[in-house]
Structures are given as structure tokens and as C-alpha cells.
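To start, I am sharing the structure in question, which I have written as C-alpha cells.
A, B, C and D are the chain letters, set down in written order, and residue numbers restart from 1 in every chain.
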């Protein structure tokens, strides 16, 4: 507190590269914070532009406007990308970082369609990859106390990673087994056999039940176990319905497991508002972080 | 207890405005409580009337009855609104409050259709906005100990607001990215290109897959991630199904995060096993149930 | 322990009514337990019979068998009902109790179809009301330690009843408001106006969108908020889809609230494995239920 | 630590059977771990082969490749099965164990289709039963600290088994009752009566509503209560919709119960803030972290 960092003290003597570095890469100074907010708004607007382009009616009404907005944001982000490379003390490190790759991917699609051998309009839509840049929003949260909350969340999930891995393994194995079982039960007539026999017409062969292959049955099993339940594939035979019903109740019971895991993990992290200090008199531990005296013998505690 | 509030003592000397204020705005006196219950029943009935009006068969059978009931409740609520303005010590403050605005909006729609330049019958249905007045029900709960429960709930949600904000941001970014990806994978042929080329017929162009634009794909992504799963839009290509399956499992895992957050928050509030004793020396509260000495000043606590 | 209850001691001297009362109404003796298990199996079988009767193919194949089984169980339950009335010390009290009413309702449907003025076959299916008798299963659990678990569950839900009531009120008000809004947005053309104007054909009038009335929209809102999502009704306009997406995320966030409530309530109940005894020496509380000595000063505790 | 197990010390003197036993059945040695990983990869690949076989297009393109892969894995697993039997100290015990039965079932289907009296191609697909062998994956987790996590999960679920049983019983009884009620409300006209009366055409009889029998209605009830909501069966009458809406809200409220149970159970296991100190007098463990005296014998505890 008494001795500020030299970077702050000699701000006037900073080179323009250092000054821009502070503005672009850090978010502690007012200028840096302002830059981040403006950037976030620009990213949001550019994502909206890509969205509008994908809607047929809007694209036909305002083709020029969208084209110009698209190139405006592309050039803006290109300039930002170049400045970032110039300002970064170690440019290669930035280019290879997650944010660097995302920044590059965000401007590439617009340039790609200029190339003569790549005229597909759909490449244009790849520009939506710049939605990934919205992840920068989390950098601004860094300023507020949201960071600690996000950290608590990340730590709870990280602490529960082994339990979640066990859980996901179990779900995936269940999906494979149930998917295969449903394929056996609900899968239509054996198409290999049927195609050789002349009695089956093409009508029955082209009528898919949605359980025609194991991967499709697994898709159904995932749709069902996660309780999404589109209904594009659903069992029709009594046996299939019975198995599906069992699986739903199983899935219903299973949703409680990971929820309980994370709840307990977070509750534990929350409950630990206890300082590590030990009473010098009675050696009692477990004092609250705001305790001044030992709650058992009344001795004054020495705060660390 | 020994000295009752003057308002109670001199009830007879109150002006009629003060008396009506107590009845209409407060719910502590028997008259005020009765008024609130009657009002709630009236609001419920008026909502039922608007509902009945929206059902074609009922509307055709009893057009006169519904018309009269509609105007009866509108006039009733108009009188109530006027009385509230008259009784309120600071009428403008009431008019601009949330309840004041809702009270006004609840009576406007019926009057609007009287205007010559606004003959749409649908305006009538706006009267359903008076369902918002049901929020007054929470005022009656104020009498019971439900208020403290509602407060505990609100505090738990408020304490978890940062975590929930981080979570919602993450969900929305995931929706944008997955929605865009599904648009690229499942979106039909490029309609701009197709419409200029003469080979595509209008049949293929008018056959929407539900992923024709990014907003529609985002709608699908939200329907899927929240496990609602209407099935009006569902992937058809193998790649799309695989991506959808991954997204479902992701969404399934994600539902555990906010649940755990609120559980831990509520458990913390509940788990505070704190005695009601007050330190006789420094008047500090919030001691643990097993504390012997005040943790702030070291004075021995007197257990109740 | 030293003086057994007189009922046990003088079992031989009991009248047959008292003996049968013990067997039928209580489940503490081996005979009573056996009776309850046999009864439960009979109830399960009778429910299966009613189920089989409702399946067309089974009903047509074994009409005589089902008819006999139906009457066998009806007569069996009738005998049981009569014996219960005879044995009960206060028959009226049993008849008016929940179990008494259910027992009566379980045998009535089969007799009803004998009446000349009630020949609907469907009355037969009312016999499925005897599924309610399965609730007797909980009486058998009484023997095991499941009762305490069920009690813990019931107490947790009961303790959270105020919070759950607040929550349900909020959900229902949200359903009314969102349902009304969707009716305004998605509800087809105003049928009253349309029917008077001659330009609309009957085709558009008979094409329901699923949002034709507020109750139907509320049905949709409930289907969506509970994430069931049949898909029989789903929004088609962009505005409706946007509102539906908002509502889904709201509903997704809301599912966490009651879960957290009950989790916290159960966690509290679990954590309370603490006896109410107070140390006579240091007056410390919060000792574990299995503690012998005060954990603060070492004085021996007097167990209650 | 000072005296290693003889098996380790005299590893060179081990017979080949004992050496192979260590490699195949145990996973503590590097060789055993490597064997388990290779086996897991082989199982994964064999499951992928069975999946590919079930997809028509892949099966028609590479029939020879799939046939060879199928037999390669079958023979590989056969050799492994035989070696396991030879190496196991008590072969019968292995054969009758869960893993032994699964290992046998995994190789049987391929041999079955060789039999002259069993030419159905679908038998081939039974080979997918080898997906069950993926459960071996949990053996590898044994090496990491995942085992303790899986144990914590299993213990939490086991501790909550009584509550979950009560819960499942309640859900099933609710499914039977609601399913029956919906069958009464939504079930089409009585087909037995209708078929005898000549006025009903075959069109109405062959038009199933999805509530034609109680088992089908129960299937719908399970689909709805678990919030899967396919939409292949959905109520059409107003009364049925109202009942379905009530049931959904009931189901929505019920999902919180088991979640809360497991959360509380896990939180309790976690929350045991118990010190590792042992009473020097009575050797009792499990003292609270803030205990000063042993709660069983009153001896003063020595804090670590």
C-alpha cells in the first residue's frame, strides 16, 4: 500500500506499447475497463449481425447493411488482433493461447469467402464462431466480486470431478446397454435377411422405427435419460414401452446423484468459514473467522 | 406492550381517510385482513371471468353474463383504485409504485375497447393483466409466518445472485455457440444461393428443418438444454444427433450446478446453529450454541 | 420391560373379537404381520386383474377367468371389510376413517354394475380404485425402520410447507400470466370478429393452434415450466418462441429453489443428532446423543 | 512395511499360473495395470464393431471387415476366458461370479449363429451384451483415488435406500392411480360394448388414443411424471388436460424429495467435522473437532 508498483508511479514514462498493453490486456485501470466494455458490446453486436444474416427475410431486405456491418466488425477485430500481437510482450504466447486462437478464428471466416476457390456462402456463417469471444465477458467479471463466486463454483465442480466422472461413466455404459436392448426389441425386421427374401416390400424397409441401429437407439436412450424426450423416436411395442418406463424411473433417480454431490461439495466449502487459529490457553480450534476471544476459555486470540 | 400506539388508542378520533387507509393499505386489523381476503377473492373471480371469455364455447353461450361480470369487476376495481388514491397520504407515491401501476393496468383494457378508434376485440383479453394483481396474495401471507419463509427464500436467492449470474451467462453463451453449430450442421441448403440457381424447386425451399436461422437454432438449443424437448424441432442428420446428445448430457450435468448453489446457500442459512444469547458486556449476538465465552470480548456468557 | 402389557400376558383369555382385532388391525404380532403381507399380495393381484381387464386382447381371450377373479377378490375384500367392522371396538370410527372409506370404495364398483339402472361397462374399471388400498403397504413398513425414514421425509416436507406454498403460489401466478400472454401472442385470429366477417373460411376457424383459450395456454405453460414438453402444443411465431425460451430458462432456474429448500431442511434434520441434555457442571449444551461425559469440562452427563 | 508379502518377495519363484493370475485378475502391478487398459480398449473396440454392424449402410459396405473383426474379438475374449479359468485358484468361483457370467455371455452370441438350428441374424446383435464388460472399467478406477469417491457415492445411496424405497413406492402407487384415472377419462369408447353395437364404424375402433388400457395409461403417467414427455401420448379432453397439469406439478414437486435426501446424506458424510484424535484412556474415536474431553470416559483429550 505504501509503495505503489513502479508501473503505476512512472505511468508517464511508459512506452506506448506498455500503455496499450495495460489498456488492452488488463482490466484494472479505468481505461482498460472501458476498453473491455466497448469490446464486449462490439462482440455482442457482431454476433447479432451474424444472427440476422442467417435469417432469410432480414438478409433479403438489408443485404448491403449486413454486408457493411460484417466487414466493419471484421476489420475492427483485425485491427484489435494486430494491436494485441504488437503490444504483447511475448506475441507468440498470446497467439497460441486460448484467447489468441479464438480471436483469430473470429476474423478468418469473412476473409475466407474472398478466396476464389471457396465460394460457399455457408463459410460466412462460420463467423458465428465469434460468439466464443463472448467468453471475454468473464474477464470483466474479474473486476467485481463475481470472480470469487466463479472460483467457488469451479472449485466445487473440480472437487467433485472424480464423482462426476464415475457418474458419467455409469450413465454412458447404461446408455450403451439400454440402447442395444431397445434395438433388439424395437428394431424393425432384420433388413439384411429381408432384402434377400423377396417377400418384403420396399415399403416396410424404408419405414424406420428410430431404433434401426444401435447408435440411433443410443441417441434415443440419451434423449430419454436426460428427460428431454423429443418424441421423434419413441417405443411402440409393449415390451419396449415397459423397458423405457423402467429406464425413465432409473434416470429420474439418477439425476439426484450428481445434484447431491455438488450440493454437498458447495455446502462444505461454504461451511468452512472457520479460522485456523488455535487458542494459546486451551488449545481449542474451530473458532469463527471473526472471533476475538476463544469461545471456550475466553483467552484473547492472536490473529494471524 | 404497556403503551399501545396512539393510532390504536385514539381509533375513534381518526378521520375517515385514516380509517380507510388502515383498512385498505394495511392488513394488521381484522377489518384490513377481511378487506384483503375479499379483494383477493374478487381478483380471482375476475381472472376466471377473463379466462371464460377466452374460451369460444363459453363466450357464445353466456355473452351477456360475461359482459356484465366483466364490467362489474372493472367498476369495482375502479372504485377501489380511486379510493386508494384518495386515502393514500401521498397519492403520487402510490400511483407510481408497482402495485399502483398494476392496479391501473388491471382496469384499463375494459375501458380501451370503448374508444372509437380501437375496436379490436383482443384488447379485451388484455384484461388478463389483472392476474398480476394476484401478487397481492403475498400481502396476506404477511400476516402469517410465511413472510419469514419468503424472506429466507429471497435472501438465499439474493445471496446466490452472483453465482446464478455467472451460470446464466455461461448457459446463454453455450446456447449461442451450440445453436450456431447446429445451424451449420442441420440448416438446409443455402437459400440465397438456391433461389438464384434455377435448379432448386420451391418445395425444398418451403420445407423448413427448424434450423433455418441461428435464432431458431437457439430456440431449439434452449428447448433442449432445459430438457423441455417439445420435439417440434429435432436433429435429423447423424452428426446433428451426436452433437445434440453431447449437449443434452452437458445440460443434464449443468442442472446440478445452480441446484447445488441454492441448496448450499439455504443450508448455510439454516445451519447457523446460533444461540439467542446476548453478551451482557458488549451486547454482541450470533454466538455459537456451544460457546462458553463471548467470542468478541471474552465475557462469560450466561446460558439460558 | 419388567411388566409386559396385560394384553400380551392374558392372550389366552382374550375374546375372539380382541384376537381378530390384533391380527387385522395391528401388525406387531407374527399373525398380524402375516395377515398384512397376505392382504398386500391380494390387493396387488386384484389390481393386476383390473389392469388385465382394461386390455382389450386379454379381456377377449379370458373373459370367464377375469370375471371369476374379479368376483373372488370383491367377495374376499367384502368379507374382510365386514370382519373389520365387527372387530373394531368403535366401528363407526373405522368406517369414517381414510382406510375405511378406501376399503368401501374398493368393493363398491363390482356391485354397482349389478344394479339394473347402471349398465355401463366402464363402471367396472372404477374397481381400479382399489389401487389406493396399496397405501396399506406403508403399514407393513411400520414394522421395519422404514417408518422413521418416512417420518423424517414427512417432517422435512412439513417443515418446508410454508416455503413450498410460497413457491407454488408463485408458479401458479406465473402460469396464469405467461399463459395469458401466449394466448395474446399465439392465439389465432379473433374468432368472434372472424365469424361476423364473411371473408374468413371455416378452415382457419377449425385449425386450433393450441393457444385458442387461456386455459389451454395455461396447460401449455404448465407442460413447459415442468419441462415435460409434450410438443402437442408449441409456439410457432417468433415472438411466441422468444417468450417460451425466456419462460423455459425461468422454469429451469426455478426448479432449483424447492430442491434447495428440501435439501436444506433434510440436512438440518440430519445434523440434529444432538441430545437436549445439559451438563450439570458447565451448563454446556449440544452434546452428541451418544455422549457420556460433557465434552467441555468432563463432567458425567445425566441421560434423560 | 518392514516385511513385504511373500508373493512379492519370491516373485521369481512363482509358478506361471500365479504370475498370470496377478496380471489378469489383479491390477496392482504395472503388468496387471497394462493388461487391464489393453483389455478395456479391446472391449471398447468390440462394442464399436457391434454398433457398426447394426448400421445398415456400414454393414453393406464392409461386410468382410466387420465379420473378421467380430471373430477376432470373439476369439480374443475366448482365449482370455479360458486363461482366466485356468489361472483362477478356484475356477468355479470365477465362473459363477458376476464378471465370469458376463465374460461368458460376451462370447456366446457369435458362436450361437454357427448352430444349424439358429440362423436368425439378430442373434449376432446379442453380442452387444459385451458392453456389460465395460463395467470392468471400474476396476481400473480402483487404482486411482476414484474408488473412495465411488465408495462415498455408494454409501450415500445405500444410507438413503429406505427413504428412496418409500419414495419409489409412493411414485409407483401414484402412477397406478393416475394412470387408471386417465384411462377412465381419456380412454376411448368401451370397445367391448362398441363392437357389439352396430353403429360404431371400424374407424373409431382402430383409432387408439394412447389411453386404451391401464398399462398404456401407466406408461403415459411414467413418461409424464419423469418429465420426459415424448408427446406420443397426450391428453386431449379438457378434464384430462387438467388432471395431467395437476400431475405434472405434483411430479415437479416430487423431484425435489429424493434430491434433498441424497444431498443431505452426502452433506452429512462430508459435514462430519470430526477430529482424528483418539482418547488415550478408552481409545474411542469420532470426537468433535472442538471437543476438550473424551465424550465417552471424560479423559482430557490431547489435541494434535
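Please note the rule applied: contacts are C-beta pairs under 8 Å (C-beta built on N, C-alpha and C of every residue); 3 or more make two chains touch, one makes a residue touch a chain.
These numbers come from a predicted model, not from an experiment.
Chemist: Which chains are shared contacts of subunit A and subunit D?
Modeler: For subunit A paired with subunit D, the chains in contact with each are B, C, in label order.
Chemist: Quick one: which of A-B, B-D or A-C reuses the A-D interface, over half of the residue-numbered contact pairs in common?
Modeler: Interface equivalent to A-D, from the options A-B, B-D or A-C: A-B.
Chemist: Same or different, please, for the subunit B to subunit C contact, judged on whether over half of the interface numbers appear on both copies.
Modeler: Different, since most residue numbers here occur in only one copy.
Chemist: With centres defined by CA atoms only, which chain is the most remote from subunit B?
Modeler: Here the answer is chain D, farthest from subunit B.
Chemist: Let me have the rounded angstrom distance from the C-alpha centre of subunit B over to the C-alpha centre of subunit D, please.
Modeler: 40
Chemist: Between subunit C and subunit D, what's the gap in Å when you average each chain's C-alpha atoms?
Modeler: 28
Chemist: Would you give the residues of subunit A that are in contact with at least 2 other chains, written as numbers and ranges?
Modeler: 215, 227-231, 255, 259-261, 263, 265, 267, 271, 296
Chemist: What residues on subunit A touch subunit B, complex-wise?
Modeler: Counting only subunit A, the residues touching subunit B are 47, 50-51, 54-56, 59-60, 120-122, 125-126, 128-129, 131-132, 134-135, 137-138, 141, 144-146, 149-150, 152-153, 156-157, 164, 168, 171, 215-216, 218-219, 222-223, 225-232, 255, 258-259, 261-263, 265-267, 269-271, 287-288, 290-300.
Chemist: Per the contact definition, I'd like the list of subunit D residues that touch subunit C in the complex.
Modeler: Spelled out, the residues of subunit D in touch with subunit C are 162-163, 165-167, 169, 173, 176-177, 180, 183-184, 187, 190-193, 212-215, 224, 227-231, 234, 238, 241-242, 244-245, 248-249, 251-253, 255-257, 259-261, 263-265, 267-268, 271, 287-288, 290-300.
Chemist: Touching residues of subunit D toward subunit B in the complex: what are they?
Modeler: Residues 227-231, 259-260, 263, 267, 290 of subunit D touch subunit B in their complex.
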